[in-house]
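Structures follow.
You will see two complexes here that share chain A, one where it goes with chain B and one where it goes with chain C.
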Partner chain A sequence: MSARRAWLVAARELRADLRQPDGVVAAATFMAALILLQSIVVGPQVARESGVAPALYWIALLFAALVTALRSFDRELEDDALDAVLALPGGRDALYAGKVLALAGTLALVGLVGGLLAIAFLDLAIALPGHLGLATALGIVALPGIVVLDVALTLRLRARAALVPVLALPVLVPQLVAATSASAAALAGDASASLAWSALLLAIALVYAVLGLTIVPTAIE
Partner chain B sequence: MITTAPPRALTVRIRPVLGLASVAAATIATAMALLWAPPDAVQGEVQRIMYVHVPAAWTAYLAFVVVFLGSVGWLWSRRLAFDAVAVASAEVGVLFTGLALVAGSIWAKPTWGVWWTWEPRLITTAIMFVMYVGYLLLRGLSPGIEQRATRSAVIGIVAVLNVPVVHLSVTWMNALHQLPTVLRPGGSPALDERMLATLLVGVLAFTLIYLWMVAKRATLELARSARVMEGLR
Partner chain C sequence: MPAMQPSARLERATVALEDRVILRAIDLEVAPGITVLRGPNGAGKTTALRALAGLLPLLRGAREVAGELLYLGHRPQLLHGLSVRENLAFFMAFRGRGGDAAAAIARWGLAADADRPVERLSVGQRRRAALARLDAEPCDVIVLDEPFAELDQEGVGLVREALNAAVARGAAVLIASHAHPEIDRDAVRVYSIHDGALAGA
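After this line comes the complex of A and B, so read on.
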């Protein structure tokens, strides 16, 4: 796979998001709405707890990732741009890797907005901000591989919007548990636990990156 | 070029033999479980559910590993026999995972006092069940033989990573479920000899039933694919 081609796809994706930021805005709004709704449903005292706030945050970010990835491929299909990318030499690999990179970039922005909102709305006290930043960054890196994989596998299928969460959510449980635990440990001031869960996130991200690049391009049609 | 030619293992007269062996092994396993194996010193007679619960769970693991191998085989060789074995194994695996969950739930009520609780082994097994239901859903919604086989093969490869997570979840997290008794790290099985023998015969019976069902279902899948491809010519 050519890293340059993957970067070109990612840059094209981010440029499209800048020119027409409906997907990013929808994801950020969606995330803000989920954080607000969840804190209303469970109550502010429960929502502020170090074990609960990160769980709400990561679940919201996961759904935002699904929304963003679905929107990204929908845009390709609406503009008939997908076939042109796939026709290029190494197009399938570049498409997968580029979409993963672009989604990670978008999620970083959405995650930052969502994180600031969560800190403001829930008045969170952060014991280890550096560890929380590391956990968030690695959590964001660990999500897109599977999300893009499942969206790519369901391209042009009916009931796609329902099928993607069914396929993605069970596979993403380890990422969700590790990201939540790493963030919770950082909020509570447990540095060693936060680093251990962050290392697991890194391992998961590497495994799925290798797996994705090996098998997913063959399945994109 | 896709080939629908069934492998020799499916074309020789293997299925009747497997069927008869399955019935014989299941009969012996049932007799051993109900009449020969001693009751548990603490749980009493209810512990005999283990002879269904554990073999069903182990056979489900085996089924999902076979889904993985069949998926790799399809992507590697484009022989539909691999895809047929993968889908057959996924269906039987989902059936046995469901059976393990139901049997486990029935066992949990008298021993733990609840049908279901937050417990790593239960949750990860339920997640594995949902994952392979998703695999079957994706197959059902994908048009075209090759497209369907390729898409589901990717899920079959990714999903197998959950199998060791399910088995080891009880050692990684605080669990109500008992730790591995037979396949435990660094030790011989912590089980009465008659119980262990009964359990192993149960595993053999479940494995034979699994093989018989997979052989039958894979043959049917290949016949379906051949018919669809003939219709397209």
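After this line comes the complex of A and C, so read on.
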């Protein structure tokens, strides 16, 4: 797979997102709304003490990823733009890797906005900021590989908007558990637990990337 | 005169979609020059082209392409949100070609609209923008699905010029098209397809 071609697809994707930011705006709005509602419905004290805040943060980011990836592939289906990329030499690998890179960039932005809102509205005290940053970064890296794979595999299915979360969620449980646990441990000041869960996130990211690069190029139509 | 080597071919190619056989063991050879694939709606023209472009898996048979292939479907295949210039620049960069798309944009009469998002262009302009890839990405094998659809007379003339230039540099061109006698005259071979089977060449 060519890194240059993957980067070209990612840059094309991000440029289109800038011009048509509806997917990214929907994802960020969803994330912000969930955190604000959490601060009202659960309250900052419960959110802090029971580790609810990290769990809801990662669930919100997961749905933000699904919304963004679905929008991204919807745009490819308009005017059959997808066919043009698939017919290019090395287009299938580059399409998957480029979409993963672009989604990771978008999620980093949405995750940062959500993280700042969570800190502000839930009044979170962060015991280990560096560990939290690492856990968040690896959690974000682990998400796009499987989300893009899932959306790509359901591309030509009817009712895929409903099918995508149903098919993705079971596979995403390890990522959600690891990211939530790593973040909660960093907030609570448990360095070794945070690092152990972060290592698992790295492994998950690698496994999903290999799976995606193996399956998508042969399966996507 | 020795027979020309095909630049691309489908050999005994069978394609099924949703449990229905669309192509039935067809042998299709595309040699340098223009090859036309004729047939009524639903005969399997687009499926044959997509199979040759590697966009559809073959249930049985083989596909061979010598060199780089450019596939232009019956829709423009341009990414919404990007301009004509950005779309063309992406394809050129992906194939590792230098230069900019300005010459192709000017030739297809799109200079004034080159920086507008493609979704804001008219159907005909979008069609021209897609066909500008013929100039921006000179490939060895060119596969075109109904390239004259939605074009005015000037646009049809531009397509023929671009195809003649491609043939002059040795490209093999496959066109799926309804009646276009001018193209039939330029063609080195005309296939007819009916109900997924080639009726003759």
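The definition used in the following text is that the second predicted complex is superposed on the first by the 213 of 221 C-alpha atoms of A that agree within 3 Å, B and C clash if a C-alpha of one lies under 4 Å from a C-alpha of the other, contacts with A are read in each partner's own complex, and residues count from 1 in each chain.
Note that in this section a residue touches a chain if its C-beta (ideal position, glycine included) is under 8 Å from a C-beta of that chain, and two chains touch if they have at least 3 such contacts.
Since this is a predicted model, take the numbers as computed values, not measurements.
Colleague: Taking the superposition as given, does A:Leu8 touch the first partner, chain B, the second, chain C, both, or neither?
Modeller: second
Colleague: Scan A:Ile146 for contacts with chain B and chain C and give back first, second, both or neither.
Modeller: So A:Ile146 only meets chain B here.
Colleague: Could you look at A:Glu76 and tell me whether it touches chain B, chain C, both or neither (first, second, both, neither)?
Modeller: second
Colleague: With the two structures laid over each other on chain A, which partner does A:Val171 touch: chain B (first), chain C (second), both, or neither?
Modeller: first
Colleague: Going by the contact definition given at the top, which residues of chain A touch chain B in one complex and chain C in the other?
Modeller: 221
Colleague: Can you list the chain A residues touching chain B in their complex?
Modeller: So the residues of chain A in touch with chain B come to 146, 149, 153-154, 157-159, 163, 166-167, 170-171, 173-174, 207-208, 211, 215-216, 218-219, 221.
Colleague: In the complex formed with chain C, which residues of chain A make contact?
Modeller: Those residues of chain A that touch chain C are 5, 8, 12, 15-17, 19-20, 75-76, 78-81, 83-84, 86-89, 91, 94, 221.
Colleague: For a test of understanding, state which residues of chain C touch chain A in their complex under the given definition.
Modeller: 50, 53-57, 68-71, 73, 75-82, 86, 90-91, 93-95, 117-119, 126
Colleague: For chain B, which residues are in contact with chain A within the complex?
Modeller: Within the complex, chain B touches chain A at residues 75, 124, 127-128, 130-131, 133-134, 137-138, 141-142, 147, 150-151, 153-155, 157-159, 161-162, 165.
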